[in-house]
Amino acid sequence: MSERRSVLVVLVDRANYGRLKPVMRAIAEHPDLELRVACAGTMVLERFDQPARIVREDGFPVDAEIYLELEGSSPLTMAKSLGFAMIEFSGEFQRSKPDVVLIIGDRYEALAAAIAAAYMNIPVFHMQGGEVSVSIDESARHAITKFAHFHFPATERAAEFLVRMGERPDSILGVGCPSGDLAFSLDSRLTDAVVNGRGAGAHIDVHRPFLLVVFHPTTTEYGGERAQVPELLEALDALALPTLLLWPNIDAGADHISKTIRTFRVSRGQTWLRTLTNLTPENYLKVLANAACAVGNSSSFVRDASFLGTPVVLVGSRQEGRETAAHVTAVPPKRHAIVDAVHRQLGHGRYPPSTLYGDGSVSKRVADALARLTPYVQKRLAYVTGGSPSE
Amino acid sequence: MSERRSVLVVLVDRANYGRLKPVMRAIAEHPDLELRVACAGTMVLERFDQPARIVREDGFPVDAEIYLELEGSSPLTMAKSLGFAMIEFSGEFQRSKPDVVLIIGDRYEALAAAIAAAYMNIPVFHMQGGEVSVSIDESARHAITKFAHFHFPATERAAEFLVRMGERPDSILGVGCPSGDLAFSLDSRLTDAVVNGRGAGAHIDVHRPFLLVVFHPTTTEYGGERAQVPELLEALDALALPTLLLWPNIDAGADHISKTIRTFRVSRGQTWLRTLTNLTPENYLKVLANAACAVGNSSSFVRDASFLGTPVVLVGSRQEGRETAAHVTAVPPKRHAIVDAVHRQLGHGRYPPSTLYGDGSVSKRVADALARLTPYVQKRLAYVTGGSPSE
Amino acid sequence: MSERRSVLVVLVDRANYGRLKPVMRAIAEHPDLELRVACAGTMVLERFDQPARIVREDGFPVDAEIYLELEGSSPLTMAKSLGFAMIEFSGEFQRSKPDVVLIIGDRYEALAAAIAAAYMNIPVFHMQGGEVSVSIDESARHAITKFAHFHFPATERAAEFLVRMGERPDSILGVGCPSGDLAFSLDSRLTDAVVNGRGAGAHIDVHRPFLLVVFHPTTTEYGGERAQVPELLEALDALALPTLLLWPNIDAGADHISKTIRTFRVSRGQTWLRTLTNLTPENYLKVLANAACAVGNSSSFVRDASFLGTPVVLVGSRQEGRETAAHVTAVPPKRHAIVDAVHRQLGHGRYPPSTLYGDGSVSKRVADALARLTPYVQKRLAYVTGGSPSE
Amino acid sequence: MSERRSVLVVLVDRANYGRLKPVMRAIAEHPDLELRVACAGTMVLERFDQPARIVREDGFPVDAEIYLELEGSSPLTMAKSLGFAMIEFSGEFQRSKPDVVLIIGDRYEALAAAIAAAYMNIPVFHMQGGEVSVSIDESARHAITKFAHFHFPATERAAEFLVRMGERPDSILGVGCPSGDLAFSLDSRLTDAVVNGRGAGAHIDVHRPFLLVVFHPTTTEYGGERAQVPELLEALDALALPTLLLWPNIDAGADHISKTIRTFRVSRGQTWLRTLTNLTPENYLKVLANAACAVGNSSSFVRDASFLGTPVVLVGSRQEGRETAAHVTAVPPKRHAIVDAVHRQLGHGRYPPSTLYGDGSVSKRVADALARLTPYVQKRLAYVTGGSPSE
């Protein structure tokens, strides 16, 4: 093949980029591939510190900046943003005409990109399919699977589930999560500036034990976060350990969470609570690697923390159903349960690294899969037909 | 329950209404249910003869008229229309706040409604899931399944496939297609006015053998219709039988099909070809019941014709994978193959009715299922959890 | 200036292109300007024969194809299309980053482009401002004026009106309509193929007297077209002259007009009525130049016909308020009035050319104005400030 | 008239409501009018403290909550939000079918509502037309005028300008700004809780002199706010007076302003700076009435402060061109100029009330005008026709 295959990588939030950065590097370095990048969703928003800037600073092209988030952070605005995203992504695909669109995860912005590409007969390559969780992401993830032409799931179980759901076995081009690639090669030394150079609140001594907290809404329990966040904050207040909190994503309910935290920060926690908006992928992993315990419901605590062995207290239902390594303790969103679990995890200390979600050399395999796949457009439930996806 | 459960039925094209009319009747008559109707897509378009008018004339409420089709009839405009549809449906759901949204089939407009409802935590009741076909509808259908909380598939195989895809068995509330309800109770006598009172072209003698032709685009073969339609038209020209042709739907490629037919109609076929835009559900079935042979790729030829025993020549790949009764002969979109198959079907004559897609008493069961279901919001891939959907 | 100034010309329908073609040529040939072209609205629609193709065949670049027309042709869908247009144009301006956007006329698509550019701080150059007519175009035209930074009106009166409306005199960079440029240099010989090579209906002998008919909706009388079109068609039927009819634009009410014509064409007029979808700018002018009389309400009958001296019967209110040369006779939309006026105009024969709307050398002056203008962003009602627009 | 005329009042921000509250009351109490309210823009956003809640608490109906703000606060997202607004407003007008739409001011959300209504042939009643300012609002205001069928400008000069712009004299139904109605009847006593019960930062002693600061972006100088805000904050820091700052609106550049303030608030100003998100109309006026000096560029400082006699230092170009009473001193956005002007204004003390913008009894006249107007749809530049707007 004399012409390189163009792969449009869709990034819709900071976490996407954290996982795909090594994949983007591998695509950029592959002789048969051409990397293109569309930054959308919170990647371009000032409120989220414009992570697209970091993509550029890391030397990647940013071919499109797509604004698609309707303000409101409610189920209604999430649905409208999804529709708007589809309009904007399809416009970008019309102009860019990529050979393949690469999508990761289960957010509504990613769903929009997958649907737009599939309706425009552009092959979709999906990573992290076949997993199980709570929130509307659970449905979105499997719907993306149903529009994706090629899969690169993170675990063996996820791969098996994809086949059971009717995806052709030969459309699964590999297994593993690239987030491990960064984690396993990480220089985990954390400097004071990374944590205290930005953000607001108490100064955190990075050489003493601290907590890392991330709490996103569970959209299918919309409104429930109004009761859950105070429980979490009360638990943190009772613990009164140095705590670094990252603001939530943009899902329905996030404004409620942010507002509660902002009010709390003023009245209490001034001596131990620091809030941060954004970190580079490497710095995020360093913080996670150095945290004495991670508390909340980010999928990163299930996934990235497994490579690093950081003890995790998983709060509430959001990650229910996901495969977890030994480092995870799940508790309901109740203050005493959270406090007790954090104490237990602090007593236990770090866990050995797990390879449940990948062995640290996934990105190269992803790039090779992208280079060697045979494009096709028409999917079919594999229960009724055999054969290869490209026949 | 003192308050009736409100069910918002989403109708996005003439065929939707043909199938759901008896269900709407059953909902309207059910003491525990309140019927609401949103007409969207081609239902409200003058170019498609505004089938929403017929809904009103049949005595149903039309609570919303949703315009969502961006002109162009290409993969791009289909994707943009889908996004636009999501914006419009979510606005309607915000106002109407229905208890359940009822969706049928696999069109992009239906997909948009399913996603909007699911993201807004409104339970989705889906009919005709689990089937297999070609075109992007194949992916859309399974994606709708992944957002639907309750299923009422048309066949036993479809029900089995839904469970294999990870849907909870107890979320499948019944089996059967309501299109059979109209068909099995049909007074099939066809008058001249139904066929010749509207439309354009040759007069068709309804008491002598005539062909019924419907040919929609297969979006995943976009552009292919430019080659396929002439083959079909050449075949019809060779047959030169009285022929009633219904214009295609609005999918990508439809404009190409319509243009080719329009040009053809002027130069040839003036003595035997009549074109029609729209028929009421009953009149459509009467025409289908009286046709000597149905030619094309409408799913109605697989489904409705099975109840009526009308011989069918299925042209091209669009319905590949669907379960078919004995009345269907599938051929590639090649003129000689079409001509030969029509001759064989005319020689064979009508088939005995089939109950593959329903027994004629489905609508009542659908309404009962809607009345007795226990609403829930959070879905989960059933491979990892048991229990009831409403736990 | 070493870098050329990029001028993005926005074309939203066939008529736009007919007027701007000589301007586009002059921009493309100007050493200090770079021509870019965005085709939007009906320019890209198959139903309107995709006039964008002709732009390409004429050797111009088409940098963007923008689909923005929501089907429905009602006041509601016109308003929604306008909103959609603004979303799409702003996306295109984000990517293209033109130095100036050139807009002509008063259509909603043009209004959308003007607003999007102005809100994005891109200078807007507007042609044909300051005229007076009926329909919502009247308001749209003056609103565009209020967003435009530079004006090139078609007549002296229009220029005067712009100043009276508060536009700075030095923001008016010239006067004249470029449609005259094509008209005054036209080789008006018309061949049979131009008229009969496409379209449908009766064969028109181009060497004998024929009528040219164009009838658009007047959106502020929405619904009124249902009564007006039959009057026009009855008049044509009474005249029974060879008649070439061009389909209406896409404004609210257009579907009613088209439907009425289509029904009429089948039942009557088969011997004298021919319908056409699209003509190149030159061919349109040739047809207009050769018509014995033009009947309807197109602004082209006021403008282009003035250069050519074709007798015009202007039907209804749509052009009320426009300056007209001697060739125009205005009548209400009543059959007898139309018939009488056509007879009078046929009796009169061709008129001498008028330079009311331009002298045939406007395009070069437009390009020069574009090259020499000093960009500015902030407008101000000139009643309160003097000074130059670029201060 | 037996049926009451329905008036849909469009509220797009806190300031809109502050001005229209007495008008809404007068409409609600008028026997011939029916009040409907659509809350859109920042009125429904949690980040702006959802002023729609206050509307409800004040006893008004809120018939629609319209989310239309695309996150980003840039010229691009402002243009896209405008397009989105048009789509959403037209949907609301389709459902509500009001007899008249009442719009105030010059924001893009108001422009969208005016255009949507006009294209849908719904008469538009516009308040505060004919004024002059800077920012894109200047163009938006005059464009709204061109779509409005009836005008109720705030000043005699504004009324005169409307006529000069070609509006029919008899379409101007009255003169005056209803914001004076609240101001002139205000009990201006301010309690501690109003100022210190919400918000963040230093406690403000409301019985001692304090500054009120509001600084919005000037969109046509987009990016310029990055230099201007630090100058303002340095000036405030030099003054070091108790200062109450209200966050800016949502225009392009607002995120830059907010970010700069947030950073500043952490490092300096902790002893004298308090920030607030939202106040009820009455409380806002009380704060303004009690401020020793108002500093910034809100149009409220020109308008509402004129009734109350509060000294104002108007910073930067945003209000250039507006009529001002004696209480206003305008300065460039430079720290020393601001400090000097504040000192001068503090030395001067309060000014006598002005009736430039209204006499305190405007609302009743507005309601009467709404009740007695004769609806019409077709506008025409008055330079060419006389007669009444309803002829």
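Order of writing sets the chain letters: A, B, C and D. Residues in each chain are counted from 1.
Note that a residue touches a chain if its C-beta (ideal position, glycine included) is under 8 Å from a C-beta of that chain, and two chains touch if they have at least 3 such contacts.
Keep in mind the model is a prediction, meaning the values are calculated, not measured.
Kindly list the shared contact partners of subunit A and subunit B, in label order.
Shared contacts of subunit A and subunit B: C, D.
Which chain pair shares more contacting C-beta pairs: A-C, or B-C?
Pair with more contacting C-beta pairs, A-C versus B-C: B-C.
Can you spot which option in B-D, C-D or A-D is basically A-B again, with over half of the contact pairs the same by residue number?
Residue-number overlap above half with A-B among B-D, C-D or A-D: C-D.
Take the average of all CA coordinates in subunit B, do the same for subunit C, and state the distance between these two points in whole angstrom.
41
Centroid from C-alpha atoms only, then distance subunit A to subunit C, rounded to Å. What do you get?
For subunit A versus subunit C, the centre distance works out to 51 Å.
Which integer distance in Å separates the CA centroid of subunit C from that of subunit D?
38
Which residues does subunit C have that touch at least 2 chains other than itself?
Those would be 76, 80, 84, 87-88, 91, 94.
List the residues on subunit B that touch subunit D in their complex, please.
64-65, 87-88, 91, 94-95
Under the stated contact criterion, what part of subunit C meets subunit B in this complex?
44-47, 67-74, 76-77, 80, 84, 200, 255-256, 259, 262, 266
List the residues on subunit D that touch subunit C in their complex, please.
Against subunit C, the touching part of subunit D is residues 75-76, 78-80, 82-91, 93-94, 108, 111-112, 115-116, 118-121, 132, 134-136, 138-139, 142-143, 145-147, 161, 164-166, 219-222, 252, 320-321, 377-381, 383-385.
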